[in-house]
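Working notes, beginning with the structure itself.
We just call them A, B and C in the order they show up, numbering each chain from 1.
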Amino acid sequence: MSQWETVIGLEVHVQLATASKIFSGAANRFGAEPNRQASAVDLGLPGVLPVLNEAVVRMAIRFGLAVDAEIAGTTQFARKNYFYPDLPKGYQISQLDHPIVGRGHLDIIVPGNDGDTVKTIGITRAHLEEDAGKSIHDQVPGLTAVDLNRAGTPLLEIVSEPDLRSAAEAVAYLRELHAIIRDLGISDGNMNEGSMRCDANVSIRPRGESKLGTRTEIKNLNSFRFLEKAIEFEVERQQEILESGGRIRQETRLYDAERNETRSMRSKEEAEDYRYFPDPDLLPVTITPAQIEAVRAEMPELPRARRERFMKQYGLSGYDSRMVASDHATAAYFEACVAVAGDAKLTANWVMGELASVLNREEKDIDTAPVAPAALGRLISRIQDDTISSKIAKTVFEIMVTDGGEADAIIEARGLRQMSDSGELERLVDSVIADNPDQVAQYRAGKTKLLGYFVGQIMKATGGKANPGQLNELLRARLDGGS
Amino acid sequence: MAIDAEQVRRIAHLARIGLAADEADRYIDDLESILTMVERMHAVDTSGVTPLAHPIDVSQPLRPDRVTESDQRDAYQADAPAVANGFYLVPRVVE
Amino acid sequence: MTALPDTLGGAARALASGELSSRDLVSSCLARIEAGQHLNAFVSIDAERALEAAAAADNRPAADRGPLNGLPIAVKDIFCQTGVRTTAGSRMLEHWRAPYDATVIERLAAAGAVLLGKTNMDEFAMGSSGENSYFGATRNPWNENHVPGGSSSGSAAAVAAGMVPAALGTDTGGSIRQPAAFCGLTGLKPTYGRVSRWGMIAFASSLDQAGPMAWDAADLALLLNVMAGVDHRDSTSVDEIVPDYTAGLTASVRGLRIGLPGDLLGADVNAEVRAAVDASRKVFESLGASIVPVSLPTALAGVPAYYVLAPAEASANLARFDGVRFGHRCADPQSLEDLYLRSRSEGFGAEVKRRILTGTYALSVGYYDAYYLQAQKIRRLIRDEFLAAFRNVDAILAPTTPSPAFALGEKTDDPVAMYLQDVFTIPANLAGIPALSMPAGMTDGLPLGVQLLGPHFGEGKLLQLAYAFQQATDHHLRRPGSAAA
C-alpha cells in the first residue's frame, strides 16, 4: 500500500433535459446550425430579461430528493462576472449563497478483490446555472468563432465532498450519478455531447494525515475512462513532485486524452474575482413543502432500490442485480425480457452476455437493441422448455440479430428443434453402438471418458439437435446396461 | 478613502475598460472623492439588519417549459460587428 | 400653431370633436421639433413613420381606437423599438437597431399612440443634467443656458418646448422626477414592478422603472393606464391589479393625511425650494388634507448607498457591451483583450466608466461586505422606514431637487456634487415606492418642483393628490417664454 492517500472531490455539470432553455423560450436541443437556437435572451441583447423555467426547478428538486438532500425553502440566483466571448452577458447566472439543493449523500458500490463494498459519498450541494456557448478555434483561420446555441442550456452543478479515495471510487460515483440522472429523466447523461461533464479536484496526503493537501482542479473529463486516466496520471504526478521534495501548485489543469496527461491551463493562471452578487432580474424563488411533496410523489425507482428489488423479486445475486439493475434502460430491458422468459438467472446471463456483446459489436444502446426484449424472452423460454439447447439458442439469436424474425419461426424454418423423441434417439444410439464395437469394448473395459465420443457422433448426425440430457441418459443406459 | 493607481488598474482590468495613463490619474481622483462620499454610509448602524436585494417582497414567477422562440439569427446578426457562416468572430483565443 | 393643444387631454378632446386630425397634431409636433433643434432633445426622429401612424389613427374605425389613438408621444432612447436606432445616449449603440419592441412601446402602439422619435438622454441613464450624452447636451427650454435635468433630459425638454404633449422616461435615482422639476412638468416614477422593464436597456435592474412625463397629473393617469401591468417577460413585474387611474383622479382629498419628513427637509435645500414645499403644504391643507410629521431617519444615507448599489448592478449590466455581438467594436483588434479594452473604452463615456469602475470596486474581493452589503442593509432600513410611515399617512410631501436647474457645465467637473442632486429622489428608488414630481413655483424664470411619495402600488392616490393640487393652482399651466414665467 502506498504511503499516500488520494483525496478526490468531483464537480459534475448535468445539462437538464428540458424542452426550452433555463431563462428563455429557445429550444434546448443539441446540434442546431450555429446561433440559430440563440434567442435575444441567450445572446444578452440590450433590454432583455431572464424568466426562470419551472421544469428546471422541478428537476433540481427531483435530484435533491434522490440524494436525500435538503431542498431550499428559498433559493436565489446570483451573477458570476467574467469576460469571455462565449459568455454573452459578461456574467453567468448561477447560484452562490442559497443553492436549490443542500447537503445530501449518495451510496456507491466499489468493486474490490474481496467483493463489492458500499461507501457513502457526501454531496455538498447542487445548484442551477446557465451553460455558456462554445468557442471554436479551428473554424476560421486566425479567429475564434462563437456559437451561442448552447448558451442558456440549464445546468445542475453537483458538488461532492472530498470523500473519494481512488480513481475507481471516482468512476463508481460518476456512474451512480449517471444512472440516477437518467432514472430521474432529468438528463440523457450523454457525455459525448457534453450532457454530463466532470471536473475533478485531486490532492494527495500522507496516509494518516487529516489535513488536506494542495489540490489541483482537472477540467474537461468527458468520459468515465478519461476521469480514471486523468486521476491516475495526476496522482502519480503529485506523488513524484512531493517525493522529490517539491510542492503542489494550486491550479487548474486540462486533461489531454491523446497524450494521457494533465497540463496547466495558462488562461486560468490569474486569480479570478467573480464579484458574485444577487441577480436583480430574478427574485428569490420560494419552494413550498407542497411542491416538494408533489415531486416526491412522482419519483421513479432509483438504482439502489431497484438493485435491492431485483435481488428480492428475482432472486438475483448481488453481482447480477448490480449488472442489470443499475442502468435504467438495461433494467427495463431485463424486466420486459424476464416477464416472458421466466428464468431470471438465465435472462440475466443472456442480457449481460450475448446481448451485451452484440450491442458492443454493433455500437448500439440497449434502448435501440436489434432484438426486442420480449423476442429474446421467447427465445430464452425455448431453452427452458427444451425445444433447443443453449448452444442452438446462440445460433438462433445471431439470426434474429442479423435477419430479424421470431425465435420459433427460425427454429421451425431451419429445423433446429431439439430431438427429444426417445424412439428416434434410441434408434440413433443403437446404430452408433453397432457401428463402433471397438469403442464400446473400450468403454466397457473402464474407459468411460469415451461417452463424449458417442455423444459427439450423435450430435454430428443430428446437427446438434439431440437433447443432450436425454442423450446422455440413453447412452449410459445402453452402454452400462450390457447387452 | 485612499485608492492607488494599482487598485484602479486592477479594477479597470476586471471591468475590461482600457485607460490611458492620463485618464487613470483622473479616475483615481474621481473614485477617491466618490468613495469618500460613499463612506458616509458607514455612520449608519446596520447591525442585525438583513441586506435587501429587491424592494418588493414577492416570489419569482416561473415560466412553463415551452419553446416560444423561433430562429431570428438574421435579424440578430444584422448589426453584429463580425460574423461568418452564422458564427460571431473574435480575435483568436489561445487556450 | 400655438393655438394647438399642448396636453394629451387637450389633444384627445380636439381629436374627439373632429376639430383636429392626428396628422395635424403630428405635423405641428414635427414643426416644433424642427424649430427647436438647438435644444438637442431628440436623438432620432421618424417623421415618415409618425405621419403614417397618424394617418392610420385618423382612419381607424371608432370601435378599434385605443385610449391614446392618434396622440403623439416621444420616448427616451433607452426603449427598444423594432428597426429603430436605440442608442441609450451612447457611442456604444450609435448604430444599433433593436430587433424587438419594449413592452411599453408595444402597449403604447396598441393603444393607438403615434411615436414621434427617440429623445436624448444621459448615457445609459447615468446623469442628472443631460450633459452625459454622446449626442451632445440637451438644453432647458426655460433657459437655454441651463440644464434640463437628467437622465430623461430629452423627454423633459421635448415636452417643455411643446414638441410633444407627453414623453416616456425612466427613473433609477430620479431620472424622471428631477428633469420634470427642472422643466416645469409633472412626472411619475411608478412602483418598482408596476411597469415592465422588458426592452428597456438596463442601468440598475433593481431600481429602474419607466414612467410618464407630461404637463399635468391627468395626462400621467392616461399614460399609466396603458403602461402599467404584469408582463410575463419581466419576472420582476408584479401581478397587481391596475386601477383606472383616470377615474380615480377626481376623488376628494379631504381627510387624507400627508406626511412631512423633517429628516429630509434638514438637508441642504435652497430657500426657494423650501418655500415651494411650504406653499404646497398650505394648498393641501386648504383642500382638507391634514399634515403630520413623519420620521425617515435613514433616508439621507440613500445617496451613498445608491452610489454603491446602482454602479454595482450597472457594472454587470454593461458587461454585455463587449464588441462581440452588437454595438461598437474598435478597429482592427489585435487580441481578445485588445478587443474588449478598446471597444469598451471608446464606446463608453467618462461617467459610465466612472460608475462601472465604482461598481466593480464595490463588488470585488475584500470590499463586498463593507460596501455592497452595507448599502443593501441601508436599503432595507430606508424601505422599512417608509413602510412604517405609510401606516400613518397616505403620502409624503418633499422637495424634488435641492435647487432649480443649474447652469450647463456648472457641475460637470465634480461628480459628487452632481450625485448629491439626487438626495430627495433616490430614497423612493431604494424603497421601490412610487413618487411624483409636480411644478410648485418659479424662481428666476426657472420652475421648481415638489414631490409626493406613496406606498407600494399607491400611484392612484399620488395622482389624485396631484390632480387636486393642480385644480387649485396654476403652476402646471406655466409655459417657457409665457408672461407668467
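In the analysis below, contacts are C-beta pairs under 8 Å (C-beta built on N, C-alpha and C of every residue); 3 or more make two chains touch, one makes a residue touch a chain.
Bear in mind the structure is a predicted one, so any value in this text is a computation, not a measurement.
Chemist: Which chain is in the middle, if each chain's centre is the mean of its C-alpha atoms?
Modeler: Of the chains present, the most centrally placed is B.
Chemist: Which chains touch each other through the most C-beta pairs?
Modeler: B-C
Chemist: CA centre of subunit B versus CA centre of subunit C: separation in Å?
Modeler: Chain centroid spacing, subunit B to subunit C, equals 23 Å.
Chemist: On a C-alpha centroid basis, what's the spacing between subunit A and subunit C, in Å?
Modeler: 58
Chemist: Report the inter-chain centroid distance for subunit A and subunit B in whole angstrom, where each centroid is the mean of the CA atoms.
Modeler: So the centroids are 41 Å from each other.
Chemist: Using the touch definition from the top, which residues of subunit A touch two or more other chains?
Modeler: Subunit A, residues with two or more chain partners: 40, 43, 45, 51-52, 81, 83, 85, 144, 146, 148, 273, 275, 280, 282-283.
Chemist: Pull out every residue in subunit B that's touching 2 or more other chains.
Modeler: Each of 14, 16, 53-54, 56, 58, 60-61, 63, 72, 76, 88, 90-93 in subunit B touches at least two other chains.
Chemist: For subunit C, write out the residues touching at least two other chains, lowest number first.
Modeler: Subunit C, residues with two or more chain partners: 96, 99, 206, 232, 235-236, 315, 319, 322, 324-327, 336, 340, 360, 364.
Chemist: Inside the complex, what are the residues of subunit B that reach subunit C?
Modeler: 3, 7-8, 10-12, 14-19, 27, 30-31, 33-44, 46, 49-56, 58, 60-61, 63, 72, 75-76, 78-82, 88, 90-93
Chemist: What part of subunit C is in contact with subunit B in the complex they form?
Modeler: Residues 95-97, 99, 191-193, 206, 232, 235-236, 238-239, 298, 301, 303-305, 307-308, 315, 319, 322-329, 333-342, 344-345, 348, 353-354, 356-358, 360-362, 364, 370-371, 373-381, 383, 414-416, 419-420, 430-433, 456 of subunit C touch subunit B in their complex.
Chemist: Quick check on the complex: what are the subunit B residues that touch subunit A?
Modeler: 14, 16, 53-54, 56, 58-69, 71-73, 76-77, 84-95
Chemist: Which residues of subunit A touch subunit B in the complex?
Modeler: 18-20, 24-27, 33-40, 43, 45, 51-57, 76, 81, 83, 85, 135-137, 139-140, 142-148, 254, 265-267, 273, 275, 278, 280, 282-286
Chemist: In the complex of these two chains, what residues of subunit A are touching subunit C?
Modeler: Spelled out, the residues of subunit A in touch with subunit C are 40, 43-52, 79, 81, 83, 85, 88-91, 144, 146, 148, 273, 275-277, 280-283.
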